[in-house]
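After this come two complexes, each holding subunit A, first together with subunit B and then together with subunit C.
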Partner chain A sequence: MPRKTVEIEPRVEYLSILDEHGVVDAALDPRLDGDLLARMFRYMLATRRLDERLINLQRQGRIGTYGPTRGQEAAQIGTAMSIGPEDWTAQAFREMGMMLVRGWGMHMPMFFWGGHEEGNVVPEGVNDLPIAVPVSSQTLHGVGIAWAMKLRKTNNVCLTYLGDGGTSEGDFHEAMNFAGVYSLPVVFIVQNNQFAISHPRRMQTRSKTLAQKALAYGFNGIQVDGNDILAVYVAAREAVEKARSGGGPTLIECVTYRLSVHTTADDPTKYRSEEEVRQWEKRDPLIRFKKYLMERNVLDDASVAGVEEDIRGQIKEAVDYYEAYEGVDPVDPFRYCLAEPSAELVAQQREFEAAMRAEGLMR
Partner chain B sequence: MASEFKLPDLGEGITEGQIVRILVAEGDEVAEDQAILEVETDKAAVEIPSPVAGVASKIHVKEGETVAVGQTLVTFDGDGGADEKPAKAEKPAKKSESSGKSAKQQAPQVEEPERKRTKAQPADDDDDDAAAARKTKATPEPPARDVDESTPGGPQRTRAAAAPAVRKFARENGVDIDALTGSGPGGRVLQSDVEAAIGGAPAPGRPSAPARVPAPPAVTFGKLEGQVDKDNWGKIKRQSLSQIRKTIARQMVKSVSTIPHVTQTDDADVTVLEELRAGLKARGEGGPRITSMAFLLRTLAHCLREHPVFNATFDSEAEQIVYKEYINIGIAVDSPRGLVVPVMRNVDQLSITGIAQELGRVAQKVRNVDFTIDELRGGTFTVTNYGAIGGVYGTPVINHPEVAILGVGRTQERLALDGDRVVRRKILPLSLSFDHRATDGAQAARFLNDVVTYLSNPALLLVQ
Partner chain C sequence: MAMLTMVKALNLALSEALREDADVVLLGEDIGQDGGVFRVTEGLLEEFGHDRVIDTPVAEAAIAGAAVGMALYGLRPVAEMQFSGFAYQAFHQVEGHVSRFRNRTRGRYSLPMVIRMPYGAGIRAIEHHSESREAYYAHTPGLKVVIPSTPRTARALLRAAIFDPDPVIFYEPKAVYRAMREEVPDEPEALPIGKARIVREGSDITFVAYGAMVRAAEEAADDLADLDGVSAEVIDLLSIAPMDTATILNSVEKTGRLVVIHEAPRRCGVGAEVSARVAESGIEHLCAPIRRVTAYDVLFPYFARERAHLPSSDRIVGAAREVLAF
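On to the complex of A and B.
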């Protein structure tokens, strides 16, 4: 009969450790090992440079449509480095930074975005799911993997990546509910890059944060400065440790910004102001982290130049490798349809070959 | 080794693009990934980076030209182009372990391509097989069974290409479609070919078919741009619209077809203002040139505050007038690319000197075509100063969805009466177009009166 407030337990925290000016909160600074920090930086820079190169390759007609990662390096690398090779990930399609950490080669995005499915074949020994373009479908797969981990009583965890737009999908809510109900060892990494293609975050949901979506499913959500790799890493470590020790799922909302286009077929000037982009460019995850590393004497100008040089060489090797690949035989689909090709199929194959020859695409 | 760079599909399913700018000259040494062209497609304007390092020996396109995907843009002399792949797949060499570097540099590298093998990347130990596998596989022999023997129709018969509906039409009219020569694309048999074979007569024993619309005449595609052609009265020349021209055309049609325009005109006596300006000029160099435009914008900023309906947009869908609490005045400018309207923000917060400075900056940007789309957005009212070139009154077209636009003519010396004396005065002709849905002539007259009063008595601006 009474009307009273129902208290719900979880709370949404916000975490920022290294601000956009490179100023670190001394009390919150995890004081990570220099070697780990240098690796983080290396992956971030590699992701940035590879991303730039991939856009150029698209503009030169050497790969197809490409979805850039610029600006989201901290969110991806900070989370990917919080787990081990025995753990799993279920990604969407803008997680190149995470993929590099997990062991995918630099040539693989070229193959994938160049139209060769070989670029989406998970390398041997890497516990990742392939790139998933259908929005949020991977969250269900990630939860399924976590459920299997629980049934098998391993102490592994699964990270599943999605964006702000993904939180509007039914799949996401089903995945969240399952994760909560079964208290599964899964961490939802929501990279809130402010846009679902052209649809801004504020039009995506009335919720104040995306992190609070977790509350409805009975677990914790935390919002972090997604451009601060220290905050991302600390939050991810906590969530992973909790999941590993049977504490159930967590949602981490990494507040970041997609500095580049949605894909190379997109023109963001039609839906966002350049002033807004300029504001976010100042919060670039690489700028502040580099400053922090310089101040901690983990890096100096010479070592940064050395890393740049290494990365340039590796990207060049990857491009050369990709371009030397002659691709699959376009006639292959005819070979694997039927064990015994039908007359109709043979006729079609001949017709196809004739057309390819006429176009000069086949000898 | 020369290589040709062709226009790639810059978006998904783009077929053509317009060359906006060419950033290199013939003979220039170009670095790999250096921007060489700016191309605008239906989707976006993008800079195209060079696929190679070398000399741009020939540029095949001109600025403003529309080019098809696959058309050659630039020929390079140099290391080899995007089209020239190494003849054999070279396996990236195993990178030597980074030695002699400081501890900081020895952080693990991002995985090198060869460390993670995929099907795209065979193992090291079967080099030859791998190279062979990467080469396009030989087409296998098709199975021995021959399609011609197993399908009815006998050998040597080719099945005509035709749409199912045309086949049905031929069958119904007793025409052997495979015996026809098609006139459609790729030899496709069209209904008109079947009709020709029938000879116009309906098949016997069938009710006469309903009258058919005659086949349309062959589609005439747009005449080639720049090609001299003629019509019935003499020579003509066709010119395709540039991207910006298309945008202007669309905007103008939208404005004129949705907004009921009314234009009112009035004259401002700017004799005193011009004297004031002459005095400022005499004061010497240093500051920005204070143009009458600066005074006019200052006046407008004040008058728009007093008459907010003119500092607004009309939302026809919601049936609302959207009053803007900020005053951002768009200034229509004739740029090298055509009409653009850069927006000067918060004009009411700027002094006359500040406005003059801002005007100089905007003019510079427009001249250099160095403005962003963002700088053309967010206007609340527009001024078009065609008088800078010439003309007296006009009927300016409102910058949709704003409510009004002010056209400014050329200042003229006219004779006027001062009591019984004929005097020489400087007159600034003004033309105000407004959206009659948002407001009425009386309001417009009051607004224009105020503008004229301030311009005629610039001292009033000092007491604002």
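On to the complex of A and C.
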């Protein structure tokens, strides 16, 4: 018997609509309406400014270690705006842009990174999961949610966020496989920001793209310019529509760059050059999008200044709210361990409270 | 009333829950078409369909993680790990998420889910199929850990676990699966999680056991009564997290002597926990040292040597005589 070739379709599409100079491909331009574009810009700018403020708060010791979002606004906001409130998301820990779109208040990341579980209390009516710290572990939750959506015969979808490093985790592969086998309404959003802390994308996998990981699981992967919100939005909308109509999962690889540190405890000069960062700064998703919006007359200098002013006010309000918070009660872990505390927990809570009183930490 | 094995009793509890509540779904490896490798889910696919009795790919983390997602969306998933020895591939989901959602979100989300898994030795199986690692789960805050000992307790506790608002690790002693039959009522019944059962009352010594070791403790109690005229009280914990300390302390107050029996290794095991609770809260009632009859702190052998490593009724009798002679 001669050796034969098993035919698969090794195709990964790459989509870019608005290039780094702000030049739009007219044939691919989705010509989104001005209100939608303005909202996208507002969320991107709000994410950028909030991110800057959080770094500031960390430097001043007013919150703990913080993982910045800078550079990934288009990937997060473009995907988050492709779904509705009845849809769900499963996030990792660098999705602040997505969170703002979905309706989390600006104070929430302050609480989370400030060491309060309150920052993970998903607002009522928002169908998101809380921040998941263990890498890629949330992808499986997205798959379970998608199963339940299918079982309940909704036409909702679940967006599941992860990073380039996350594609090396077993959970990611189990999630992709499960989603593929059962054709579940889930979209995997891989923000390829080029680094898993210090480990570069090229050392994460020998695969040419992360998008092609989907092919092995029997569904499509697409690579998009993750700093081009138009391309991200178009790809996400297509994937979401496909999932809604029973077409199963898609993986979207958003090629982007983590312009800032992994977290405020990280020193990226140990593993990447300033020159590389400067090259990517030129591809900043905000710069090109603003240029596009100016050219389309969606924005002008005065309206941008107005948005900046609004955001400044909102951030100040959030910081004030966070810093005035007086709800820190060390007894809380006893209250939220189980629905009904067991006798042993009740006894331990009494012991804890007595110790707190003896130490003068509680009245 | 029907005389059922534990396998049939578990099947009954699952079918009752599936019938009563459309949110109950089962997922695991080979649980559908095949009815599960131990046949616990036999016939359920036929009655409830592929959407609710889900044959998953071979991926334990996916079973636990997808169950988390299902529970978050409002379902009541009952996940099966084919053997507890493979559940470590899902342990990061259990420790990292299953146990944490209520606290992490301050009650905004909770996970009414069950992870069932057969554990324990005595069925002549290959490596990874005989261990007892309940302490890993009991050590994890936010989980309940339930271990039935008989068909009737299995059916009643599984029902309680499925309808519990919190995640339950349901550890099934596979040595008991088909080893005995017990009368099980026609109507569904549930036992409260966290309450131990006094299997037999006694006045001279307390045996605390659970799972497959309850039978060994009862045999030892029989032997002691017949041979030595000693009256042993046998407590079946049923739940190791939370643990019914009051029932243990009340018994020790009466008998003054305690032997704890389990087939898990001794170090940091449930026996250590029981002993510590009695030492902390009931030492004044003890008139002899506590003894633990357990597996040893070595790796559990392949099955040619398993009988020698499992606590036997003779070993329990031996420990009891030492305690009684103190």
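As a working rule, the second predicted complex is superposed on the first by the 327 of 363 C-alpha atoms of A that agree within 3 Å, B and C clash if a C-alpha of one lies under 4 Å from a C-alpha of the other, contacts with A are read in each partner's own complex, and residues count from 1 in each chain.
In this section, a contact is a pair of C-beta atoms (placed from the backbone, for glycine too) under 8 Å apart; a residue touches a chain by one contact, two chains touch by 3 or more.
Quantities reported herein were computed from a predicted structural model and do not represent experimental measurements.
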Partner chain(s) touched by A:Ile287 [first = subunit B, second = subunit C, both, neither]: neither
Touched partner set for A:Ser303, first subunit B, second subunit C, both or neither: first
Partner chain(s) touched by A:Tyr43 [first = subunit B, second = subunit C, both, neither]: first
First (subunit B), second (subunit C), both or neither touched by A:Ala216: neither
Touching partner for A:Pro130 - first (subunit B), second (subunit C), both, neither: second
Touched partner set for A:Glu353, first subunit B, second subunit C, both or neither: first
Partner chain in contact with A:Glu118 - subunit B first, subunit C second, else both or neither: both
Dominant toucher of subunit A (residue count), subunit B or subunit C: B
Contacts of A:Ser273 with subunit B and subunit C, given as first, second, both or neither: first
Contacts of A:Tyr325 with subunit B and subunit C, given as first, second, both or neither: first
Subunit C-contacting residues of subunit A that also contact subunit B: 118, 121, 124, 332, 340, 343-344
Touch list for subunit B against partner subunit A, complex: 5-12, 33, 43-51, 82, 85-86, 88-93, 95, 98, 101-105, 107-121, 134-137, 139-140, 142-143, 145, 147, 150-151, 372-374, 377
Residues on subunit A engaged by subunit B in the complex (per definition of touch): 34-35, 38-39, 41-43, 46, 53, 56, 58-62, 64-65, 100, 103-108, 111, 116, 118-119, 121, 123-124, 126, 261, 264-267, 269, 273-275, 298-300, 303, 306-307, 310-311, 313-314, 317-318, 320-321, 323-329, 331-332, 335, 340-341, 343-344, 346-347, 349-350, 353, 362
Subunit A residues touching subunit C - in the complex, by the definition given at the top: 88, 90, 117-118, 120-122, 124, 129-130, 132, 134, 137, 139-152, 158, 170-171, 174-175, 177-178, 181, 332-333, 336-340, 342-345
Complex contacts: residues of subunit C adjacent to subunit A: 25, 51-52, 54, 56-57, 59, 61-62, 64-75, 77, 89, 92-93, 96-97, 101-110, 141-142, 144, 164-166, 194, 242-243, 245-246
